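Structures given as structure tokens follow.
Presented sequentially are two complexes of chain A, the first with chain B as partner and the second with chain C.
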Partner chain A sequence: MSTMPLYEEAAPRRPAPLRRLALGLEPYLYIAPSVILIATIMLVPLIVGLSYAFRDMQLINPFSGGFIGLEHFRALWTDAAFWLSMKNTLVWTFASVALQFAFGLVLALLLNSPFPGRGIVQALVFLPWAVPTFLSGLNWAWLFNPVVGPLPHWMAALGILPAPENILSDPSVAIWGPIIANVWWGIPFFAITLLAALQSIPQDIYEAASIDGAGAWRRFTDITLPFLAPTIAIAVLLRTVWIANFADLIIVMTNGGPADQTQIVSSYIFTQAFRRLDFGYASAIAMVLLVLLLAYSFVIILLRQSLLRR
Partner chain B sequence: MTSSARSTSHWLLHYGLLAFYVAFALFPLYWLLKVSVTPNDLLYSEGIRLWPSRSSLAHYTFVLAHSDFPLFFKNSVIVSGSTAVLVTLIAALSGYAMSRFDFRGKMWLVGLMLITQMFPLVMLVAPIFKLFSPLGLTNSLTGLVIVYTAFNVPFATFLMQSFFDGIPKDLEEAAMIDGASRFRAFRQIILPLTLPGVAATLGFVFTAAWSELLFALMLVSKADASTFPVGLLGFVSKFSVDFGQMMAAGVLALIPACLFFLLIQRYLVQGLTAGAVKG
Partner chain C sequence: MASIDIQGVRKSYGTVPVLHNVDLSIQDGEFVVLVGPSGCGKSTLLRMVAGLEGITSGAIRIGERVVNELAPKDRDIAMVFQSYALYPHMTVRDNMNYSLRLRRTPAERMAHVVSAAASKLGLDTFLDRKPRTLSGGQRQRVAMGRSIVRQPQAFLFDEPLSNLDARLREQMRVEIKKLHRDLGTTSIYVTHDQVEAMTLADRIVAMNGGVVQQVGTPLDLYERPTNLFVAGFIGSPAINIINAVLRHDGEQRLIALESGERIPAPPRVGGHDGQAVKVGIRPEDVQISAQAEGDFAGHVELVEPMGLGTIVHLGTAHHALKAFVVERVNYPVGTNIAYRLPASKLHIFDAKTGQRLPE
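== the complex of A and B ==
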């Protein structure tokens, strides 16, 4: 050992406590900017916002602000529009995530192996991802409008609709308008994420499996899916939560109507906060949504941990 | 013979499916473009024609010459660009720490970041407004950049972490044995290998900031600090149903997002890691 006088070689062996302290602190230096930013811009306002749920908090009323206990939650329990928005949130979130994921996975697999023209095809199919959300909403609302959009006429010709009418104004199917817009906009998210994960699977494993006689389907189920599982779990977790909170398309396309049939919980919060300027009631609804989403995510985290351990 | 027939039908299916995806992805944008070049007198009479019998750029001329859109456009570029760069720097650091270190409180950090992905951001509008107001961060682009950066860091951290996870630890361990500090190994060896991840993160964040509407509406009330979505919404309410001009403005809003996207999209799936491990 003494024949190796290089400082760099010797340094890690020094038992200096200062160095050990520096090494122990290192991870915290890497995460410090994130933690400080999240704490001041999200956590502190979140706690302040949660306190609004127990206060009579109306932006336009300077005399409001007093604590009223559980009054908002009592009102919420008997609020039919809230329960309808809960049901709509389940439909909206499940349909959007399932369709985005299914179409995204197929697209990622289609793009995974090289073929002539892959670059341009990839650029074109990922394009909706770059479209601002409010613009996607306006764009699809326009397409569903029978006066200037082609979709109602096409659907009537195919027999899907009895007459070329706007599905956004039909209470029984209106929610599918924003869902279709959401699927269109969200497929690239899953495709990009899954494609990146697919490309990081070492090719040797496939080559070895081919030599051992594994067919395409066998390679997919025994190599691709296990490798993708953690990515799928985290992408679905983050996306489900994100979509459940995602009100932009609904606000732009239907504003929760007709007759609250497309109102999801987050668009209902938005309506309470910005139309009626009732931040107290809006925060109470938000708190219920938060608890539900936390419970959901807890289950998914457990699932991901068990997948990773396998 | 059978194998070549099978491979032909395989490729037909492959290209057929891709053609469906391309058509689905492009049709709404095609329609946006079509409406934006349709003169007002034809808008309703030729509503469902695939291309109007007469096209004009009148809507674009109006939007560019008689509206504040050039200013909104500039504001949005500044806000989205700054946010994307800041978030990527911060998330590369924290994503690297999550990928490589086992430290006390790591589970708490993961929990904290997941929680930020969960709560409805609309809850934060009033408290942030009250926090920013005395600091002079309302009606300011800086205020928007700070808010958007904080909102995007958690997701970007998870994204960067997944890219770092795909890179073998041996690479920087080898560099550290050769005498480099960990931070130097991170910058000079790991980060260049994660370029697809960095590009993906930049793209995601830029697009998210470019689209954000809620906080832009709440925090900015003056036209000179308005971003594009706020401007477009004001335009919609001011000129009620002038769909031609609205869509022309919409096409303009698409341009930077699409340009940025086309620039970075080829990095999204480059298999740099596979090359590095094999080489």
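== the complex of A and C ==
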């Protein structure tokens, strides 16, 4: 009995070092073109964009462009408008996501129960999603305008507003204008996602629970919610990042005003870059936003992993 | 525990009737099996007892209560589903005590009941695992455990063994039977497998096309099937059916087979001269002999050895015939065989209505 021959016979057949290197590199050479292409398309603009944060980049100043280190970040730290926009971003993102999710879940639950004409209603419900954001922003801006829109008159009649005024011009409540438009526009996303998840829950589990003695509320909390949890986590993560970055409605409806009261970080970036033409400062703000959102995403991904493992 | 009384129950989906006027009384502690081909309405009937389907008309009583309008949770029944329907996000323990938690059972009592059920079913070591880590047979046990911890008025089983392989099915069948012997809880069991029906049931309810065909003990259905459907559905290998005509020859009553041969009719069989009938005979009642000791001649077309015995497929002038013999015969194909159809073993059905002739 010998265990050696296999090993020893194999040894002389090992290729020369150069050839071995070529063989080892072979798979990497095959994938190199696509990796280089993807890196060029994705990473280069990102790095160049981030580098602006450390340079004095002003479009109206032909002598700008020099490296200034952390100067932008120091300015940012003391920029009251930036901190206001941070606070507004929190309000805007939290209120929008929470309301979109709540209404989306209710809608998904309604659409999941059979009723005549469900197919048509489902199609209609998803319409706002298909409306271009600029159009829906304009549409809502007009709806809130007491000259052409009915909403201020209705709200005044219900006692929500003291007089039929445009809430978009009232600094204390202006942020709710774009939030309402955003909720209207974003409900279908949650409804579609949650409806798909609801429809994947086996019916007989509900039947087993109802035989076990669970009423409608316990079936919802003990079956529906645990089944939906991973979907909810991922949908909320995606929407939070999306909405925190989503300045279209604000730019169209209020342009950040009145008095920066509806300015969120991303609309502030837009204002700095394309109104004041200070690309360097805008890029520094963008970098802060990027870091915050990355940290947030990381937390949510950990949360989702633990939900899925349970 | 309770009796279950089903009176004049009908079910239709829109204008499509699926159950026609079902009457069935189930005694306290009885094990009743609903059997029939798919689409016969047996599962619908079970789900109506459970409260998962509405009742179009008629009444269902569990114990003394009419439960027509009661929600499933108020009927005090437990159900085992074909898919097991375990809660995937709960441990085995939580699956089993979910109904008890909903009823706010004290924790010590809950722990006691669950561990008793788990040891009865051999699940002790799995209590902290999730259902997805269990095999099909273990999941099946959890589903049963979930039912027995509640000590309900009745167990409802909806094809509980269909997703298991043959070996495991046989094993679980025995366990279900033992469980019923120990607990004595009224049970309704739905299956399309006539072997499960025969072995488990105190009484079988054979259904077809939404109509109850026959209710009786397993041997009632086997030995005195009330119509062609029951005769054909119960028994494996299936009964032989031969076209024939009744002949009254003076005092003697004969059956003229389509091959022209005549055999004596079973004693006391009714019917009139010239009536077209179908004659059924179970394969084990066909007597065959290779020594030409029989009334009719045929030849071997196929031999299926089953270990337990042998199925011999005979070719004859007008019809095919299966015979089941306990011996391990191995006739070559084409062997001439004589066979006999004993009069006392014949089942005579009206050819038009399919009903058994009165005796």
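One rule holds in what follows: the second predicted complex is superposed on the first by the 261 of 310 C-alpha atoms of A that agree within 3 Å, B and C clash if a C-alpha of one lies under 4 Å from a C-alpha of the other, contacts with A are read in each partner's own complex, and residues count from 1 in each chain.
Convention: a residue touches a chain if its C-beta (ideal position, glycine included) is under 8 Å from a C-beta of that chain, and two chains touch if they have at least 3 such contacts.
These figures come from a predicted structure and were not determined experimentally.
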item: Which of chain B and chain C A:211 touches, first, second, both or neither; value: second
item: Which superposed partner A:68 touches (first chain B, second chain C, both, neither); value: neither
item: Partner chain(s) touched by A:282 [first = chain B, second = chain C, both, neither]; value: first
item: Which of chain B and chain C A:202 touches, first, second, both or neither; value: both
item: Chain B versus chain C as contact partner of A:226, first or second or both or neither; value: second
item: Touched partner set for A:135, first chain B, second chain C, both or neither; value: first
item: Set intersection of chain A contacts, chain C complex versus chain B complex; value: 202
item: Residue ranges of chain A touching chain C (in the complex, touch as defined); value: 202, 204-205, 207-215, 218, 222-223, 226-227, 310
item: Contacting residues of chain C [partner chain A, same complex]; value: 50-52, 71-73, 75, 77-79, 81, 83, 85-87, 89, 98-99, 102-103, 146, 150
item: Residue numbers on chain B that touch chain A, as the complex places them; value: 11, 14, 17-18, 21-22, 24-26, 28-29, 31-32, 35, 43-44, 47-48, 90-91, 93-94, 96-98, 101, 103, 106, 109, 112-128, 130-131, 146-147, 149-151, 153-155, 157-158, 162-163, 166, 178-179, 182, 196-197, 200, 203, 207, 210-211, 213-214, 228-229, 232-233, 243, 246-247, 250, 253-254, 257-258, 260-262, 265-266, 268-271, 273-274, 277
item: Touch list for chain A against partner chain B, complex; value: 6-9, 26-28, 30-31, 33-35, 37-38, 40-46, 48-50, 52, 57, 59, 103, 106-107, 110-111, 115, 119, 121-136, 138-140, 142-143, 147-150, 153, 184, 187, 192, 195-197, 199-200, 202-203, 231, 234, 237-238, 241-242, 245, 247-248, 265-266, 269-270, 273, 279, 282-283, 286, 289-290, 293-294, 297, 301
